[in-house]
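Heads up, the next two complexes both have chain A, just with different partners, chain B and then chain C.
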Partner chain A sequence: MPDVAAFLMRTHGRTRFDWTDWVSYAYLFTGLFLMFGPVLWIVMSSFKTQAALSEFPPSFLPEGQKTVQIKGQEGRSPLFVVKMPDGTTRELAEIRRMGLMATMVDPAKPDEEIQVNINDRTKTREIRIATENYTQLFGRFAFGRYLWNSVFITVVATLITLLFNSMAAFALSKYKFAGQKAVFLLIIATLMIPPTIVLVPNFLVISNLGLLNSLWGVIWPAVATPTGVFLLRQYMLTIPDELLDAARMDHASEWQIYWRIVLPLTAPALAVLAIFSVMWRWNDFLWPLIVLSRSELFTLQLALNSFQGELQTEWNYLLAMTVITIIPVTLVFAFLQKHITTGIAASGVK
Partner chain B sequence: MSTLQLKKIDKRFGETQVLRDINVDVAEGEFVALVGPSGCGKSTLLRIISGLEPSTGGDIVLDGKRVNDVSAADRGLAMVFQSYALYPHMTVYQNMAFGLENVGTPKPEIESKIGAAAKMLQLDKLLQRRPTQLSGGQRQRVAIGRAIVRNPKLFLFDEPLSNLDAELRVQMRAEIIALHQRLETGMIYVTHDQVEAMTMADKIVVLRAGKVEQTGSPLELYNRPQNQFVAGFIGSPRMNFIDATVAGQSGNALDLALSGFENQPPLRLSVDSAASIAQGAKVTVGVRPEHAYVVEGSSSDYTIPLKVAQVEQLGGHGFVHCNLPGSENAMVVQFDGQNVIHAGSEVNVAIPAAACHVFSTAEGAPVLVSASAR
Partner chain C sequence: MAETAERGAVAGIGNRFGLALTWLPGLLEPLMRVLQRIVGVARMPWVFLTPNMLIFGAFTFLPIVINFYYAFTGGVKLFPSERPFTGMENLEILFECGNYLDPSTCRKDIFWRALFNTGKFAVLQVGLMVALSVITALVLNRKIIGRGFWRGVFFYPVLLSPVVVALIWKWILQSQGLLNGILIGIGGHPTEWLTSASWMFFWVILVSIWAHMGFYTLIVLAGLQAIPKDLYDAAQMDSAPPGRVFWKITLPLLMPNLLVVIVLAMIRAVQIFDEVFVLTGGGPGSATTFIVQFIYETGFASAIHLYGLAAAASLVLAGALLILTLLQLKATQGGAAK
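After this line comes the complex of A and B, so read on.
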């Protein structure tokens, strides 16, 4: 722990705070606030009740008004601290309100009604973590279904992306053939075409193949990525050709060379592409929105969108779902990032 | 036990001709070294033999069968690469097993083969390590082990020792020689180091600029180099070359006036009476440092006075580097034991006529008079 503290408190001017320290810390904290603030706010808000969410001014912590069950009343009544005319304060529950006057009772003596001006009272607040936002998600919506759709698309598309892109990269980096450069340039050139331009042609292709309203209709157009081919090709160029020659002398077929020699050695680059692909597919919105119109095929992103009803939006569930949507990408990144650094470290040691 | 014949091998990369008209025979169990300066095409030739590179012309005949169109995998040869080319993500065991697995060898057999090879190469304790955890010499052994386990028809070595330090190189050299004697399998060994070629090979093929300059046993090349290039390439330190002019020829005697020593009586060599060289022709006289010697007083051999530029004392023997007048070449003379010659002094260097080679000054032209031809 002292090491961590020392690391975090590190300064440029050895013993005291240099002006560069002030600048860099200010810069870093601004960045942290800008990047992490909204995420933190969403996480905190996802634990608020529907009522707490609509409160103004909003609070950072998931607080809510304390409520009690009063005998003879339907539902729970909100609690207030009331300043009595004699100067004392009492905690009373509101049972009715008409204009500026509220009818309140002491929870201990539910029969004795007291008229209170609403200016003389303040809400009794408590920390209330609304875990039901999460627990009820699964029952209330076909949440499991959406999650499965998202996971299926992400995992399958990523696996196919890695396979196809690495095969293309292998051919482009390790074989000499006529038009090799042209093919590579063509692939790279597609980077310049904005996705929205190919939206309609893609839709026509998918529609004619009968893949509309199918998860495969989301997966297939996404698996061939020029970025992936480029990334893997550049990495594979660094694998010495002598290794391939050695494998050929070892009676390995070209597929075995690809599968058993080149692919394992490309692992660090594959990890990077896997991260990209998972993030792309998981966060993808526009294309699934076009291909998938039946709600049982919705991904989480589409479901999130459909939650915003025309008349009312259940913000507490929407926020909880948003948090769940963020978690996998965050985990994948955190986990594979470590893999990348170790990969780089391992290949760096010669 | 296999034989290999290369017949009229040609190789071009686009416009550049890398190899031309290469003819080499490798007899059963023979150790052949392909040697030459860098860029002479020796590695390309090895890759053509291995099947990794197609030849543009000519035939490769393995055990009497033309194998030009047989893939590298199916030729049954094994290659040890300069960079060792060990698979970095596999353990030593997996590296050696890879080739056997590919040909569908049963597991127990793989184990016993690797066990035997590992024992022979002292790799038993390293089988579970990865190549990055091995020293240069160990990696080299693994690369050789990987070649051995497949019982190849021929071993191909591509400058296998060039990445090792001097001491390890000598040690590995001895190990490869021992291995060759034990396995009795033919080996083709590419190197740019003539010492390696001389010490290891049964037969040396000297290549330059894609052409075979001379083929022969190490001593044949040493004693009877066919041209000035081979003469300079084989032997260490290299042969001394002195410009000369033919002063006259009578019968078996050829008189040469050495450049810078024209006022001395000419150097008289005995030659084959059939050899006739025009008077006044420019030639180059070659004599090896170990054949020339420093004399005090008079000698029966032809002597020239030279100024000493540098003396190398190695203890057991040493070398005197002298300036040749009117030439950029130094004249290196070996001496036995230790010596008291100092740089800057004048010495008399004796050139025994029987040890002289005479070359035409034209580049690559055949030798005119070879020492052992007399």
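After this line comes the complex of A and C, so read on.
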């Protein structure tokens, strides 16, 4: 233990661990609790049975009341630990309840009925992990469909984004031509026109193209990102032009120069843009909500929204679906966090 | 040492990942070879620009023009040729008010409520969030163990989708939820958070801070790290108290960075929609209805699609964003001049 304490108390270069350090770590651990606590809570809840979910106050672990099958009873009966009048305790199952009195039986001797005051008993609890919340998603809902729609939009839009943006960035960084500056300014200007202010006209464009209620109606408007062009252009500017000139001497076509020489050297920037694009498209909500109104085209986000709005929300399934939606971004976070955070700190874009 | 190695490994993953993505353009090579023969080398940059610019044209530049057309035409038809010209009528409907400070005297009272809500939300959310971001960045900038880990902790919710954020908090705030459970545990009274207008506005602010704070913290942190270390060394030699160091050195030097953060956060805040729409649906009543939700409902969700009115409301939003963008440009230039 002293080793652990010494490790935690260790500071870079300074020997004293003063009160400001205590305050800092208190702040950080509070942050840890507040940032991850809500997510942890939804993960724990997603493994609870419907009965356990309706318990209040809720328990942290996915536990619920133990039930048992009694001969001659329909369904399973809940188990209680009962304090008997003679001071002993017995585990009994409830078969009926009238007001304060419950009719209970010993699971071993189902014929002998005992009247118990409900204040003399406590529920028998057990850990029960309701994996059926997850396994039944695919049968009871078109969950596979939603998952596929989301994956399709995310993957296809990201691939096209990388292609189109890198082509534009290549033209803007590796050529000199009339109108180049105007084009670059035009692209930067689109940074200032968020999709929220052109919803109606975009809807017209999409319906004119016959892309309403089509996954492509979500993909096409999203694939030209000013952020991506800007990010890739800045990176490509650092690639020496001599490499390109040498390739031209060897009669390489312009397209070959683009994809065989420049693109591989831009790989780190492409990776950053790919991560951003995956997150953008996976999390998109407002535009898909407008374009996709048929439920078989719903993305995961739209499906979650429509289930939570239903009159009788089956929270056990909704929670499981939410957790599955969180998994990809959590994986991205776990493995590529440094990429994202340094990318944001460097460029100031999200 | 260890950190350098780790960074190298991450960059390695990124490189391989990026390289794997370069196979796609190879498929287009035969087509492009023919194109180059037709248009010539000098015009090839335009070939490279075309796909991206077509998309920008169709989904950004053209729509801005069409949006004006919609704002000045009426009716419920989508196709422009079927829409009668109505001039300023849509804007008049939005702006017809007995008293501009009292939404209930306005013809479109819901628009004014949304406008007021958005203004109130933007000021409170951005103010509180930037303050918290600065505090968090100051703590993260100290000599703490595991800085990368802690930076990630505050950043994690930024990656979650707005729908997921809303569901996580709806599950916590519902009447039989975790928060009321904790309140009972410590002897408090459970509250119906989701059906109380004032509580819901409070929670919408808190939830959106929870979801976005990490992003701004990173930018502030980058600003803090750009402050020259020798200034602090000099302050330490003069044994200046920490409070004085913050007000006299840190804050003034951070100001340009902070201005950019504030305007950026404002631009995002006035466009708030997704997480609030899922969490509250704009309610209770119209307590958390914001301007983008008004546009969405007027144009798309209600039984009668009033595209013209929605486009006119978009113009109002665009005006607000234009002002904020100009402020941002000014803030960035101020930062560059320093």
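The criterion applied here is as follows: the second predicted complex is superposed on the first by the 306 of 350 C-alpha atoms of A that agree within 3 Å, B and C clash if a C-alpha of one lies under 4 Å from a C-alpha of the other, contacts with A are read in each partner's own complex, and residues count from 1 in each chain.
What we mean here is this: contacts are C-beta pairs under 8 Å (C-beta built on N, C-alpha and C of every residue); 3 or more make two chains touch, one makes a residue touch a chain.
Everything quoted here is computed from the prediction, not taken from an experiment.
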Where does A:S173 make contact in the superposed view: on chain B (first), on chain C (second), on both, or on neither? neither
For A:P264, using the defined touch cut-off, is the partner it touches chain B, chain C, both, or neither? Pick first, second, both or neither. both
Once the structures are superposed on A, label A:Q65 by its partner contacts, choosing first (chain B), second (chain C), both or neither. neither
Which partner chains sit in contact with A:L243 here, chain B, chain C, both or neither? Use first/second/both/neither. first
Should A:S277 be classified as contacting the first partner (chain B), the second (chain C), both, or neither? neither
Between chain B and chain C, more residues of chain A are touched by C
Considering only the touch criterion stated at the top, classify A:T154 as touching first (chain B), second (chain C), both, or neither. neither
If you stack the two complexes on chain A, which partner ends up touching A:T49: first (chain B), second (chain C), both, or neither? neither
After lining up the shared chain so the two structures overlap, which partner does A:N133 touch, if you call chain B first and chain C second: first, second, both or neither? neither
With both complexes superposed on chain A, which partner does A:Q256 reach: first (chain B), second (chain C), both or neither? both
I'd like to check the shared interface: which positions of chain A are touched by both chain B and chain C across the two complexes? 253, 256, 264, 267, 346, 350
Which residues of chain B touch chain A in their complex? 47, 50, 52, 71-74, 77-79, 81-83, 85-89, 98-99, 102-103, 132, 146, 150
Report the residues of chain A in contact with chain B in the complex, numbered from low to high. 240, 242-243, 245-253, 256, 260-261, 264-265, 267, 346, 349-350
Residues of chain A that touch chain C when the two form their complex: 7-8, 10-14, 20-21, 24-25, 27-28, 31-32, 34-36, 38-39, 41-42, 45, 54, 56-58, 159, 162-168, 170-172, 175, 177, 180, 183, 186-187, 190, 192-194, 196-205, 207, 220-221, 223-224, 229, 253-256, 258-259, 263-264, 266-272, 274, 279, 282-283, 285-286, 289-290, 301, 304-305, 308-309, 315, 318-319, 322, 325-326, 329-330, 332-333, 335-341, 344-346, 348, 350
Residues of chain C touching chain A in the complex: 6-7, 10-11, 13-19, 21-22, 24-26, 28-29, 32-33, 36, 41-42, 44-46, 48-49, 51-53, 55-56, 58-67, 70, 78-80, 135-136, 139, 142-145, 148, 150-164, 167-172, 176-178, 180-181, 184-185, 210, 214-215, 218-219, 221-222, 242, 260, 264, 267, 271, 273-274, 278, 281, 292, 295-296, 299-300, 307, 310-311, 314-315, 317-318, 321-322, 325
